[in-house]
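Notes for the one structure printed next.
Naming follows writing order (A, B, C, D, E and F), and every chain is counted from residue 1.
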Amino acid sequence: MNDLLVRPRRVYVSRKIEFNAAHRLFNPEWPDSENTAIYGKCSNKHGHGHNYLLEITLSGIVDRNTGFLFDLKELKAILEEEIINRFDHKHLNHDVGELQECVPTTEVLCVLIWDILEQRLRNINNRELALHEVKIHETGKNSVRYLGE
Amino acid sequence: MNDLLVRPRRVYVSRKIEFNAAHRLFNPEWPDSENTAIYGKCSNKHGHGHNYLLEITLSGIVDRNTGFLFDLKELKAILEEEIINRFDHKHLNHDVGELQECVPTTEVLCVLIWDILEQRLRNINNRELALHEVKIHETGKNSVRYLGE
Amino acid sequence: MNDLLVRPRRVYVSRKIEFNAAHRLFNPEWPDSENTAIYGKCSNKHGHGHNYLLEITLSGIVDRNTGFLFDLKELKAILEEEIINRFDHKHLNHDVGELQECVPTTEVLCVLIWDILEQRLRNINNRELALHEVKIHETGKNSVRYLGE
Amino acid sequence: MNDLLVRPRRVYVSRKIEFNAAHRLFNPEWPDSENTAIYGKCSNKHGHGHNYLLEITLSGIVDRNTGFLFDLKELKAILEEEIINRFDHKHLNHDVGELQECVPTTEVLCVLIWDILEQRLRNINNRELALHEVKIHETGKNSVRYLGE
Amino acid sequence: MNDLLVRPRRVYVSRKIEFNAAHRLFNPEWPDSENTAIYGKCSNKHGHGHNYLLEITLSGIVDRNTGFLFDLKELKAILEEEIINRFDHKHLNHDVGELQECVPTTEVLCVLIWDILEQRLRNINNRELALHEVKIHETGKNSVRYLGE
Amino acid sequence: MNDLLVRPRRVYVSRKIEFNAAHRLFNPEWPDSENTAIYGKCSNKHGHGHNYLLEITLSGIVDRNTGFLFDLKELKAILEEEIINRFDHKHLNHDVGELQECVPTTEVLCVLIWDILEQRLRNINNRELALHEVKIHETGKNSVRYLGE
């Protein structure tokens, strides 16, 4: 089966999930005026929120036996445990331990999710499987990508 | 000009805008256990948030002179004043006066926005112009419509 | 709480779910030539498939206590049981009992899903809650709606 | 076959097509200052353009034999002839005869397309088949619907 | 004309097409239990299906005379012949010769489409025109990209 | 604050804006027959139009103090000035000085926007901030990317 895969083929597999969270862009080391100047209405006291659309991309060689890069059921379980449990229906400033000393911009959130997933996937025994990209769409207009550089 | 409009034509014109807000589903008259039973993780203490996509529909007879139902520049200004200023980058439970005695579900928000806009548009001197529908997409999966019934 | 709801408010709440299924448009009572004339490549022998995007709309009066029309967690469970279990990852011609004597067009599927859900929701003890509409997007271009008429 | 259709079932079938056209909102009976006041930059001299997304909805009783409301291949041919040939890759002010005495707002375009399709579909010998709605999305934010009222 | 193109400019041009197909993830060399363990409900006997959204990306230097990388009418014809004819309204396991010895996962399908199009485009006499990427969205959540590595 | 950013992190931040413009694909140095052969109905005399969806991507190291790559309010102002003012509600062949000697294909437009924004952003004093990509979606099916190569 799968003679097309006799030659190793490197593919990129992406999976989207959504989580709904509140955040406030505010640096407690700065006076309010500085926060307003930098963050505008994103620094409003009680925070606001987003439907964060997260797109995870893995890369690696397709398994000749299964025709899969990686079992999406397993990826879904990892994302449920690491992402949904940590961020969904939470206030990023108050409820996420890893963000206590951070301003939860989309850039920072993207880097944090990379660090969490890269650590988790590193231990999977799979030929060359690697986290390739973490992309977050904060709104329909704005998005941030991080590739581990 | 516009002979097509000699016969009165009733059209429905829709405009979409987005606002980003936090909310918490929590009824302070109930014990925490009741809130958790009814609202689940939507009742988490510090709230969560959404990109609320709001779609306003007006109905009425097309003006034969302009070919418009209603000037979208004017509608945009009304939505900026009544919706963006009131809800965007706010925490619905803390920052919106009209919601102080409400659980800010999408249903309640939809009804409130109808009441605000219906009041505002009522005073516009235009043949038969009326607010027809307020629709809110809370996520890509869930939406609520209210038609004033 | 929820003084906005002292006056009864009738809203329409929609929920989208997706199921992935195969089907073949073929009437066994007709010769192949007739099937080809009517259904074209949709009658290819082994079938083809779609990501069916289903949108269910309920209508009724918002509950003043909860601010909900209907608990979306409960709706999600009903859709899982009645729709996902019955149609997802199935071949509509072979695997769905209710469609054995049917040509599984989107129109027929829409009517069947209405009948299933209308029966199921009828027994829920809720002021005026009713199934309002079943809409299926077969592709990004084609959709069918049924309102029980 | 199709016992589900023994009872007559009224469905609404929608089909989307896109056409790419230029237009200018300008009333030659008015001075330039009036055009600028009413239409703003939409009255720029050489026009601008849109990807017009048109959604046509037909209503009627599903045919028990075919399980179709109406053959989408036939609808596609009608839309190709009446809509694509007339409007696609055209400048609405210069190239469309029916719009010579009109300001080509989305409202006017919607009404014109209704008149064209309603006339064309009226002659099809089909139980209760009728044009139900013409909807045009001018941009992702603005849309107009006309139902023949 | 086109002085902007005196300096060679390498662009990436993408075109999306959709095909509707059925498939079953099943390896006949394995017992049923193994298929179920690996593929879950994707291995259901009669298959299921998808609206496969395919996005082809070409790269190369823009032609100074035409301002095009490649004539999209010609690309459309190639995709009609090589992709639509081969895959649309087909059951991938039964109707596609090249997949007879394959498990038709999205990864395998992506690699096959690359091989077909790379072979076809190789013979076009065009400065540096090359197939850059084949991307398939199997659902709104899952996608696979292959770049020929 | 922002200990996650002690190690420099290179991110890619994207912003989408839309402009509505008319264009005509026509090379005045060629006879009409040549224009028709190459550009087909895109060379119709009075032009046609599109909702151009532009996606700008910047790359660079996240600022440890703000958690931003670049202030999106500032980017929005630059895009308003350089893109909206120049292209929105314009006819690309008549109203844009930089395109007077060009056939305004999407490829050419993409290259021009790169040149404009790369020049503008070059002067911003920011560690390693750079324009990474300009992408234009001409329709839902066709898009072009340019990365400065």
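Note that in this section contacts are C-beta pairs under 8 Å (C-beta built on N, C-alpha and C of every residue); 3 or more make two chains touch, one makes a residue touch a chain.
Just so it is clear, the structure is predicted and the values come from calculations on it, not from any experiment.
Looking at chain A and chain E, the chains that touch each of them are F. Between chain C and chain F, the least number of touching-chain steps is 2.
The two sequence copies chain A and chain B touch through a face in which the numbers common to both exceed half of the numbers used overall. Interface repeat of A-F: among A-E, A-B or D-F, the matching pair is A-E, sharing over half of the residue-numbered contact pairs. Centroids of chain A and chain D (each the mean of its C-alpha atoms) stand 42 Å apart.
Each chain gets one centre point, the mean of its Cα atoms, and the points for chain C and chain E are 31 Å apart. The distance from the centre of chain B to the centre of chain D, each centre being the mean of the chain's C-alpha atoms, comes to 27 Å.
Within chain D, the positions touching two or more other chains are listed as 140. Taken together, the touching pairs give a contact graph of some other shape, not a line, ring, star or complete one. By the document's touch criterion, interfaces exist between A-B, A-E, A-F, B-C, B-D, C-D, C-E, D-F, E-F. Residues 25, 27-29, 38, 40, 101-105, 107-108, 110-112, 115, 140-147, 149 of chain F are the ones touching chain E in the complex. Chain contact summary for the complex, chain B toward chain A: residues 18, 20-23, 41-42, 44-51, 88-91, 93-95, 139-140.
For chain F in complex with chain A, the touching residues are 1-5, 9-17, 62, 65-69, 71-73.
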